[in-house]
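Could you have a look at this structure, given as structure tokens, before my questions?
By letter and in written order, the chains are A, B, C and D; residue numbering begins at 1 in each of them.
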Amino acid sequence: MADPHPNTRLEAFCDGVFAIALTLLIIDIKVPTAEGIGSTRELWLALKRLGPSIFAFILSFAVILITWVNHHRFFRQVNKSSPSFVYANGLLLLTVVFMPFPTAMLGEYLMTDHAAPAVVTYNAVTVVQAIAWILVARSARRLTKDEKAAALIRDGNRNGYMAVVVYSLLALLAFWFPLTIAIVTTLLWAYWLVFSLQAE
Amino acid sequence: MADPHPNTRLEAFCDGVFAIALTLLIIDIKVPTAEGIGSTRELWLALKRLGPSIFAFILSFAVILITWVNHHRFFRQVNKSSPSFVYANGLLLLTVVFMPFPTAMLGEYLMTDHAAPAVVTYNAVTVVQAIAWILVARSARRLTKDEKAAALIRDGNRNGYMAVVVYSLLALLAFWFPLTIAIVTTLLWAYWLVFSLQAE
Amino acid sequence: MADPHPNTRLEAFCDGVFAIALTLLIIDIKVPTAEGIGSTRELWLALKRLGPSIFAFILSFAVILITWVNHHRFFRQVNKSSPSFVYANGLLLLTVVFMPFPTAMLGEYLMTDHAAPAVVTYNAVTVVQAIAWILVARSARRLTKDEKAAALIRDGNRNGYMAVVVYSLLALLAFWFPLTIAIVTTLLWAYWLVFSLQAE
Amino acid sequence: MADPHPNTRLEAFCDGVFAIALTLLIIDIKVPTAEGIGSTRELWLALKRLGPSIFAFILSFAVILITWVNHHRFFRQVNKSSPSFVYANGLLLLTVVFMPFPTAMLGEYLMTDHAAPAVVTYNAVTVVQAIAWILVARSARRLTKDEKAAALIRDGNRNGYMAVVVYSLLALLAFWFPLTIAIVTTLLWAYWLVFSLQAE
């Protein structure tokens, strides 16, 4: 089979995983069960208590969407494939697929006295994701379409090392200041979103 | 990589999200557990109590399907991409992915005395969706394939502002008349379905 | 955008829905919780009690797979689109997406004294699916690629009316003889599988 | 419709199923509910108890990813289709879709006294998967693009018979030595991963 572009199926597979991980986030926002609700006012209060879950849902939705956009841009520079490239992508997908777990942790514990494990877990996953990006970029070195693309990827890789350091620091500080770190993490991703919006 | 059409991967990604959001609606129709069932008659009654859930499932299935058809038609007018277009689409997808939550709310509370929060939430999500459509249309202004396509999108945008006003009004009125508004909402989408069937 | 084939995106969307509906079937096979298990022997017995759920999973997997194969064959005859064709496909997808519910019903109640509602529901969904096929075929009348394709679809349509009658009869008889009808239904789909294997 | 490559839609369908099965693995890693947690220390301990679930998640993620890579490589040798090829692929997908169940079993029971049923089930599914691969390879005999591809598939088929024997033996031994077999299974898949990384 004369495949015009060897990454078409890998791209489609990754897109599928991104799309499903994004959509699965919703199943952790649980509707309050009718048994526990005595009045309409109580239902409004129960909805209000879902606040942290909805915040976590929107944050993770944005994180996965930004990651997908970066993935999309990255793949435009690459026009060959290799086994190590495929498996490095696999590791990246593993961290994306894992996102619903720290998201649900955040929703359940952010506004309680036990927020630290939730925020640490959330940032730890982004550390592993940053490492996966480095492996993807390294394995793509000889797969770029031209020299300009190779330079772009080398630049991105440098930011990748930076990201590992920053997210590790955030994960570490979250042991003591979970709420502050949750806010910093959110602002960081908001910044990434704005940055990504102005790119190209 | 010489991409013949820059939106192919964005389209495929959106389609994936639409398809999964549609399919996930089913997981909120819970089978009555065998423990609570003493006779076959009781099981029939338990199935009958699923009525509101099945109604909400069909309504949201129709809403997402119509949104997908509109999305499909919209993308045929566009043959370029931009970061703001991608993220405006991301916001639209967020409202689609969120649909299972108000759907489950409707299934749980529509036939109770506490229907208001469910119907308000449902219509509030459609308000955000209408706003997302406006942002998608605005960001697509310079991405259309020709002048006729641009005019089509400008017309659609005008309807978009109308939709925001109408759905906001419905969401507001649902605080006092939830059941009536649920019926009006259903009829409105039924009208959209018939309208969409006769289009083209 | 010069779309070479107007149904590419509809096909991809339908494939996504088929693939997800197929995969979601697994979430109704619940692992026995460790709390209720006192010995390894008890765990084996708990696994054995999952028998009806696993049977229902395999049956519905086969039903959706056969439906996908038929859908795939059908679409090869069609090379145009229309709004009514898209929405008739939507109704077909609704019945596919709904499958996990009667499947879980079958798993929960097949081996109890209350099997009738489960088997009736299962066959009722196949009745609606057969009706959806008729609507898909009718709406595709003027969309076929040539006269031979149109004749093929007319023939299939005749079988469709037959299917509505047969499944309705099975659904009706399941009120009194649920187990027998479950076996007949299984054999019928096994026959369809063998028939489909020898086709082409 | 002049389909340039008859397996495009089958490939896309399989990719969808692989991607969803991969992503659904996460829903069996349950967040500890806030009610049972009295102190932050207790939450850390609850997270630690998720160890087996996270191990099982990563193992199954790797198994499905490797299977997808093999599937991808296999399909590059094939450029025709047949009903038996489609249904043999269907059986392979059934074993992939089933993976979340033995994965959840492993997570729930691996570190308890009742690990045997979990490990036996896990390896039994891989036995059925190896059989499905043999059927896929057999049905693809006359569908290969050239003689070299046919030879490649015949070689793979020989390994397939080997795999059935080895996995059956592992499943059998897991009745008595579940933990040892869990470790051997993990090492075996780690070996496959390294082997697959060096291929091509």
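The working rule: a contact is a pair of C-beta atoms (placed from the backbone, for glycine too) under 8 Å apart; a residue touches a chain by one contact, two chains touch by 3 or more.
The shown structure was predicted, so the numbers you read here are calculated from the model rather than taken from an experiment.
Centroid distances built from C-alpha atoms place D farthest away from subunit B.
In a homomeric contact, the two copies may use the same or different surfaces; for subunit B and subunit C, under half of the interface residue numbers are shared, pointing to different surfaces.
Separating the CA-averaged centres of subunit B and subunit D is a span of 35 Å. Centre to centre, using the average C-alpha position, subunit C and subunit D are separated by 25 Å.
Touching two or more other chains at once are residues 12, 16, 20, 24, 27 of subunit A.
Contact residues on subunit A toward subunit D in their complex (touch as defined above): 1, 3, 9-10, 12-13, 16-17, 20-21, 24, 27-28, 82-84, 86-87, 90, 93-94, 97-98, 100-101, 104-105, 108-109, 112-114, 116-117, 121. Against subunit B, in their complex, subunit A makes its touches with residues 5, 11-12, 15-16, 18-20, 22-27, 29, 31-34, 37, 39-40, 42-44, 47, 57-58, 61-62, 65, 68-69, 72, 75-76, 78-79, 145, 193, 196-200.
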